[in-house]
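You will see two complexes here that share subunit A, one where it goes with subunit B and one where it goes with subunit C.
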Partner chain A sequence: MANSQSTRHEPLLLIGPALIVIALLFAFPAVYNIILSFQKLSPYQSPGEAIWVGLSNFTALFTNNQTAEAAWNSAFWLTTLTVVIRLVLGMAIALLLQSDVLARWKLRGVCRTAVLLPWMVPPVVAVASWKWILDGNTGVLNQVLVGLGVIPRGIPFLADTSTVWWSIIAIVVWRELPFVVIVLMAGLQSIPKDQYEAASLDHAGAWKSFLHVTVPNLRPVITVIVIVTVIQTFNNFVYVWLATGGGPGTYTQVLATRLYSAAFINNSLGQGAAIGIMMSVVVAIFAIIYFRLADRENGARA
Partner chain B sequence: MRRNRAAVAVACAAAFVVGLTACSTGGSVGSNSSGTVHLVFQQFDPAAEVTGLQSTVSKWNKLHPDIQVDMQTLSPSNPQQLAREANSGSGPDVVQVPYANVAFLAQPKILLPLNSLMKKYPLAHGTGDLLAKDMVTFDGKMWAVPWTADTMALVYRPSALTAAGISSPPATWGELASDATAISKQSGGKTAGFCFGASGSATAAQWFAINYYMWNHGHGFVKKDSAGSWVTDITQSQLTSTIDYFNGLFVSGATPQSFQSVNDYTDPSIANGLANGSCAMTYAPPQTFQTLVKTAGDKVTTAPMPGGLKDGSTHLGGRGLAINRNAKHPQQAWEFIQYLMSPATFKTYEQYPASKSTLKSLTVPKNQDGFVQQLPHSVSFGRYIGSNMPVVSMQQLVNQQFSAVYSGQSSSSRAATAILSGLKAGIGG
Partner chain C sequence: MTVVTSPHHTTDLGGVKSAVRRSPNRRRLRDLLIIIPTFVLLAVTIFPVVWMIFTSLRPADALAGAVPWNQFFSGLGFASYERLFNGTSFARYILNSLMISCISTLFTVILANIAAFGLSRFRFRFRRAMIFLIISTQLLPFVVLVTPVYTLFSAIGLVNSYAGIIIVYTAMTLPLAVFLMLGYFDTIPTVLDEAARMDGCSTLGVIFRIIMPVSLPGIVTVTVTAFIATWEEFLFASVLLTSEQLKTVQVGLAGFFGEYSADWGVIMAAATVAAVPTIVLFSVVQKRLVAGMAAGSVKE
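Up next is the complex of A and B:
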């Protein structure tokens, strides 16, 4: 009898540590964030001093026209454009790194390492370096362009509305591209060689082989890359905050920088939590799509 | 066997929880078994600017083997981190706090009120000797003791002014704009007339200049009216005109557009510009100027800001010294604070003391005349403190809207409307 009771409790005991980790590190903060979004609390107060304010944090969020602007910037400029560019460039670089030419010249290892370098640079250092490169007065890029006579005077890339988003995109793509390249390279390596040989026998050129062999085989990998990079980028705070602080004006404000401003500059943790929930909902949609696709993939394999 | 596995699982879970608990607890340093008191002093100036302060602390440690102080640098100032530490029962014992943050730390009683310590162990010259007391007093109690005083003075290269045929630094804001434009034009764009950080970030860079301009013209962003309510202190047309003035600096070429992405007066493009001659004028606090002198030498000097000799046209800033409410040895912490306030500290620490008598006892180099002349006329940001809107929130609102005009996203009148409505909503709570 005692033995059967211990057998019944054993699974619970075994998954206990994992449950504690999930509860402490994921469930509790998520639930507390939801509670906080209905409260008024400053970063200087302890949680016990919070005041319940109902839906007012959400009302303030949705009646502020900067929210729509920041949501658009997060979705289009920061996420969609950078993901698409990373995918296109990543595919080109991955194909190049897989090419026989590089292998023949024994440059494959060097090139792969070089491509990985940006990923080894901490984002803060990457942004600081790019700010220095793009500086309107002393930036290396401007010095070169002015020196070559391409432009008469330096362009303040991070202060001009016509260049600021493209500058941020350049920073994000440069730093985050290696992830896409690595995953695509892994995908390319898993494509059976005989499919290319069959295509070649059918007189398919390089472009047709790419369209009819490479792309279909890489589709599951591409889906995973898109979903993962969308989730990572949509939530990203570091690149925009460090590069422009959301400026000039509010031109590059994204939801993550609005969250930080609300919580830690305007001292309203509740409003910050409300923005966080809004962001979580968007990311959750992508996460659900990702898990559905992953399940379907696993099902197909099984 | 199964029982063993279950026991291992329980032990692992317990160890994990205990580990996390251990990680989450901390505390201010107390005294050890030998009876030596250990204090942690946290300051926020960049490490390069505090070698003098470090030597002062080392000297204290030599003189006081029974009270050892460990100086920590957490730069820039992060009052919210201090609040988090204090709310969890830990944090540094003695902390350097910008005046503008004292009220936020006093309200939730994160700091220790100093009145009883001051009464028991009075300051050498009493509290009447101190500047900026309004910035450290909250609810009738002093929560920090004013330690340093500073303001922003005009920093310029006399040679750049002379090259443009200008014999003396600008004394009014109108002169600043015309002189800066003349310098930029005369040099063919090689020397920018007036360099300042004009980004939309919530930093103090353009915030000071904007306020100085407004105060010199008789208005400000907010004020407490006679009934004790917070109201805006500027009309739509006055604010529009202020925005137009600053935008005009970019339009005329007095300030290059590239400074719209600069968010700090310590930015290398300003400091290097003054040193190598690509900038003629800027504004800076004393410690930034002293750092600049190390590279630019006598090529740079200071003058009062435009209109800076008119009372209340510039700000009196600085830092206070406070004691964490969790400090286990407040008396020793107070003793250390009194030591830091002594004239000896300011012989090596590149700041001006907030004590009038200590200030008088110092010999200030001639190139710092701008600060010395202006300080007696400066008034603290206390005028903005007490409403529901923190100064940093005002900074963000104002800087963003000014920046939106510079970059062409908004007109000056639209930006003025946005600032006024943001201020009204903010001070109303």
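Up next is the complex of A and C:
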């Protein structure tokens, strides 16, 4: 393909436009975000009017106990719980859909398509339809529960502190579970059959062969699922914001909704930028520790 | 630590299957242990979508309170859709979304094809680093980018403009598109482009006249993924497009159920309309998309 000296620059000319557009959204803003976190600026001012305020955005962040609350909500309720539930349910569903029984009843194809349905629905639509199901007065869940006499009157699931987190978790798990199921199913299909046959010759029951054949084989797949879902969920804004707006009060406030409120409702772009940096650092630390552990685990196995 | 090695590994496996035989009745009972959980699972999975569509078709008074069972299906119609399209600006939001998604998807597909060709057909320094950087953008948190992007865009007049959101959406969907096209191009033999070059084709000519036509299935997948991603996006649309004239479908829909006196018939009608394009498009490429995603995750 070496026809002239233009070949030397040709790949750069081809890749350049895409790289510039990507940099416009990712690289420049990421750097500018650091500058912004040391400034005071409102969305109604131009960047030139920014005032340098040193570390005060960060000190304000760390002296405010709402930050700790939001960090806990992000890490525990929004991320850890939903990822663990997705893994456990996803594994159960993947195994269920692999079962020969479904194939014999000619249900496998239908089930595999139906399980994907929540993933085809835009997240905003998912929140809308769950908000309607969970509505305190006329929601179908309350009507059924009251009708059956389980509860005396409707519970405002998304406004009551005892139910609100579990309601958000239901929405997140419902919409995001299919990804986990798909990847686990692909992982299951790649496990060599003879390993199960060997296990059954060793008189290993279903549970034992699950523990000693399925789980070890799926370990790399699970590693990928955990890193992708943790990062995506920790940074997710749309579910909590649209389901509760961080309420009741600040009860379900997470870092992502705090960032948005700080920047665009309290009009302090610098505060928002500071929260963004804090979130990036948390994610980076998690990724480093997680890959170290995963490497050591895999090393011990090899 | 636990390594599964069986001393019987080399023995003949032919007899394993016949080892266990159950009576037909016990088998049917065991089947139910799988079938029943499956139906429960399907019910929970499908219900929110079915209920959304059903609600959008019910008369307004049926949504206000409990309805006797025998009138559950009475009075179904499109009244909510009429209120949606006559009483709100939702039609305008649909046009906005269609235009923004189509244009940014077009840009993404063109830029991704050119860039992926460069990455697939040339070997140069930093090639691997470039691919790695492009993929790693997928792990960058979007919510963190929204403040600096807003500030930068407001300084150069890109807030409340189609151009601003189209740039964001093109950049947002490009990395995955480049990655998918790169995988596709790597499978196309280079003899094709060499032959075209002999006939005097320029590089862009090779890409647009030779490579892209044979990559059509890959391009369809990339187009659909990009369209869905931009159609679904909420955060940047809500920050960058605040004027009523420019709102997208998702932002408009979120505005409906943020209001105090929620008309759930209209909201569910809007939600149904907002979900139709993604469900239809997803179904079109479902097999390829799912296989590709699964393969990507398992390979790593």
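What to note about this one:
FYI, the second predicted complex is superposed on the first by the 263 of 302 C-alpha atoms of A that agree within 3 Å, B and C clash if a C-alpha of one lies under 4 Å from a C-alpha of the other, contacts with A are read in each partner's own complex, and residues count from 1 in each chain.
Methods note: a contact is a pair of C-beta atoms (placed from the backbone, for glycine too) under 8 Å apart; a residue touches a chain by one contact, two chains touch by 3 or more.
Owing to the predicted nature of the structure, the values given are computational and were not obtained by experimental measurement.
Contacts of A:I265 after superposition on the shared chain: subunit B is touched, whereas subunit C is not. Using the contact criterion defined above for the overlaid structures, shared-chain residue A:S56 touches neither subunit B nor subunit C, since it reaches no partner. Within the superposed three-chain model, A:G246 lies in touch with subunit B and out of touch with subunit C [touch as defined at top]. Touched residues of subunit A, counted separately for subunit B and subunit C, are more numerous for C. In the superposition on chain A, A:P43 makes contact with both subunit B and subunit C. Of the two partner chains placed around the shared chain by superposition, subunit B and subunit C are both touched by A:L24. When the two complexes are overlaid on their common chain A, residue A:L14 makes contact with subunit B and with subunit C alike. In the superposition on chain A, A:V140 makes contact with subunit C only, not with subunit B. Once chain A of one complex is fitted onto chain A of the other, the partner contacts of A:A159 are limited to subunit B, with no touch recorded for subunit C. Once both structures are placed on chain A, subunit A residues 7, 10, 13-14, 17, 21, 24, 43, 46, 135, 138, 264 are touched by subunit B and, in the other complex, by subunit C. Contact residues on subunit B toward subunit A in their complex (touch as defined above): 2-3, 5-6, 9-10, 12-13, 16-17, 20, 79-80, 83-84, 87, 104-105, 107-108, 110, 189, 199-203, 256-261, 263, 268-269, 272-273, 278, 390, 392-393, 396, 400-401, 403-410, 426. Touching subunit B in their complex are the following residues of subunit A: 6-7, 9-10, 13-14, 16-17, 20-21, 24, 42-46, 49, 135-138, 153-154, 156, 158-161, 244-251, 261, 264-267. Chain contact summary for the complex, subunit C toward subunit A: residues 1-2, 4, 6, 8-9, 11, 13, 16, 19, 30-31, 34-35, 37-38, 41-42, 44-49, 51-52, 55, 63-66, 107, 111-112, 114-115, 117-119, 121-122, 124, 127, 130, 134, 137, 139-152, 154-155, 167-168, 170-172, 174-175, 178, 194, 197, 203, 231-232, 234-235, 239, 250, 253-254, 256-258, 264, 267-268, 270-271, 274-275, 278-279, 282-283, 286, 290, 293-295, 297-298, 300.
Subunit A makes touch with subunit C in their complex at residues 1, 3, 7, 10-15, 17-19, 21-22, 24-26, 28-30, 32-33, 36, 41, 43, 46-48, 93, 96, 99, 101-102, 104-105, 107, 111, 113-133, 135, 138, 140, 143, 147, 174, 179, 182-183, 185-187, 190, 194-195, 197-202, 212-213, 216, 220-221, 224-225, 228, 231, 234-238, 242, 256, 259-260, 263-264, 269, 272-273, 276-277, 279-280, 283, 287, 300-301.
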